[in-house]
């Protein structure tokens, strides 16, 4: 005597998640405030005003890539799932909460560049998102959600990718203590971790 | 001689509702304003600035969970509906209006924490959303919208869940008069009310 | 030798339109600015602060209903269309532009209540949206977009409804010159116009 | 041993792209700030306040049309694609990043009208979006993404259209150096470029 939990429930949850990812990624722009200078401003002054926004532009680009990366991981994991399970709902909602929180962490870091606390705050936010992402990806690629026909290697790859995001985020947190302004470079270690984790099995074709 | 009102009309309404839920839940972040401090600020000052935002972070998290909860209830109720009825449209739009209003109520409460009027305002907003939610859920799980094959128990569960949200919100309103800062704790009574209401029948499998 | 213009193109346009409607309706909230008062503020002062926002709350509710009404009209018209036509694209995009502009017109009216220019500005915005809406609805319910099986009465009803929105908006514009603060009441004439226009044919069942 | 990359992956990417386009186009409005004048303001003063916003209104309209145009091109290109390829993902995400960035470039131009640097900044943003758009459209209309049944002429048209957007944007950049305030008029050259490029082959029917 169960409430119908068909693929439709899964589809609607995926749709809702996609929408939150898309909104959060696009909302990043509202933390960029356009300079407003008088009409006879010299070109060089305008350029200086833009130059002061470089940390904000970089923050926008990095967080855009980060949210995009989480969305791609979500995308990949749920493409292997064919059944809905209420177990994933709470974790997924928590993950979306961290994603929706990213514009704040980005604005805080960009407005206080070169400082340790904002850098740690940003990277810890990422780490928390990465841990929730790992949990969601694992749940989506486990029974009862997992598609019976999904290749085992694809499942392994999705999970290793999620683990490498966690390791990359942890690297960023560590860097934030030492070189706050460059902590986001820690994220560049993600492909390295992924390579290390998939050393022997290799990347599945088409991934 | 009727305008075609197929499942497609239902799908498009559900899609529109999902979008509003997703946007409202993600817009919560724009009420968080990142502190902007000079470059040589001491770490402890940054931490104090963040500490002052704790009510805002809590408000973000609670409202995120609240909107998520309403979305889940909507999700659950409409998964039992297979036919569109124009009767649900006005009520659903009113519910979405209250959901879209939540970021304001959240910002007002978070910016005026420990005060009675903002607490009552927030909890009454929730109560109104809960009442509209009850009406929408009842309509979606009644003829002519209800799926002919939906289990009676599932319908009963959806409705009791909606009633328990109303009772939990009413509890929060009552708390707001007494201990304004902790009124949102009243929402924690929702599972208790649900348990009381479903005492005998039990929760349907997989819900 | 034509580019494939299947129902899929129509679906994607409808989806895009729905998304813009949903975002515009939810963005209305960001024009509401929460008062922020010191912690020991008397309850009565908080209530006064809220009372000053009543025009903004009313503006939010009215514009929410207005955008909702345009969305419903769009919904209804496109439920009768089964084919895509590039002819509708430009008009539809212009309509979406006016809808996306509504939060500005709403904020301008709410922040300058009881004044003539903002009232006329708001109502003219509505009138322009209503005219574009009429054009879009007519195009969607004409060949080649119209579903061959759509009832003629349903088409007539959709178009009369769109005309009545134009007439109601024009009424609001006229009122704006006389009683600026209450111009939006002109919108309440929409059902009256609709009744007048459908006097003989009657409303189709299920509409 | 591949991760399943079905049309579903393509659909979800298209959905995500549509959502970002829709959010960015609607977010343009939040850069418009409603004037707030005292209640006894003369009508003429209100009109002057609105007149000062004309560059912002124009900026809103132009960027709305620009994002709409990019969305239509995306729409058209992906209607010819039936298979997903991971190759398009990074380019598409970069394109979406530029689209999401448009509200900032628009606000910067509108708030600093008649100045050279903001005009160049805006037009270069457009040019970068146009180049990414060209790359995405080419990828979507090449194997392995291209629908096997797509007409060759349709593919040619999509690509020429993307090239003409690049040429029109380059024209706008050139104009920005000379007549900053009117640089956006360069975009009006897009149909001219398109006509030149499709001189002999002609526009496909129904495009």
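A, B, C and D label the chains in the order they appear, each numbered from 1.
Criterion: a contact is a pair of C-beta atoms (placed from the backbone, for glycine too) under 8 Å apart; a residue touches a chain by one contact, two chains touch by 3 or more.
If you're wondering where the values come from, they're calculated on a predicted model, not measured in any experiment.
S.K.: Do subunit B and subunit C, two copies of one chain sequence, contact each other through the same residue numbers, with over half in common, or through different ones?
M.R.: different
S.K.: Averaging each chain's C-alpha atoms to get its centre, pick out the one most distant from subunit B.
M.R.: The chain lying farthest from subunit B is D.
S.K.: In whole angstrom, how far does the Cα centroid of subunit B sit from the Cα centroid of subunit D?
M.R.: 36
S.K.: For subunit C and subunit D, what's the span in angstrom between their mean Cα positions?
M.R.: 25
S.K.: Specify, in ascending order, the residues of subunit B that touch 2 or more different other chains.
M.R.: Residues 15, 19, 23, 27, 30.
S.K.: State which pairs of chains touch, listing all of them.
M.R.: According to the stated criterion, the contacting chain pairs are A-B, A-D, B-C, C-D.
S.K.: Touching residues of subunit B toward subunit A in the complex: what are they?
M.R.: Its residues touching subunit A are 14-15, 18-19, 21-23, 25-30, 32, 34-37, 39, 41, 43, 46-47, 50, 60-61, 64-65, 68, 71-72, 75-76, 79-80, 147, 150-151, 153-154, 157-158, 204-207.
S.K.: Inside the complex, what are the residues of subunit C that reach subunit D?
M.R.: Interface residues on subunit C, with respect to subunit D: 1-6, 8-9, 12-13, 15-16, 19-20, 23-24, 27, 30-31, 86, 89, 93, 96-97, 100-101, 103-104, 107-108, 111-118, 121.
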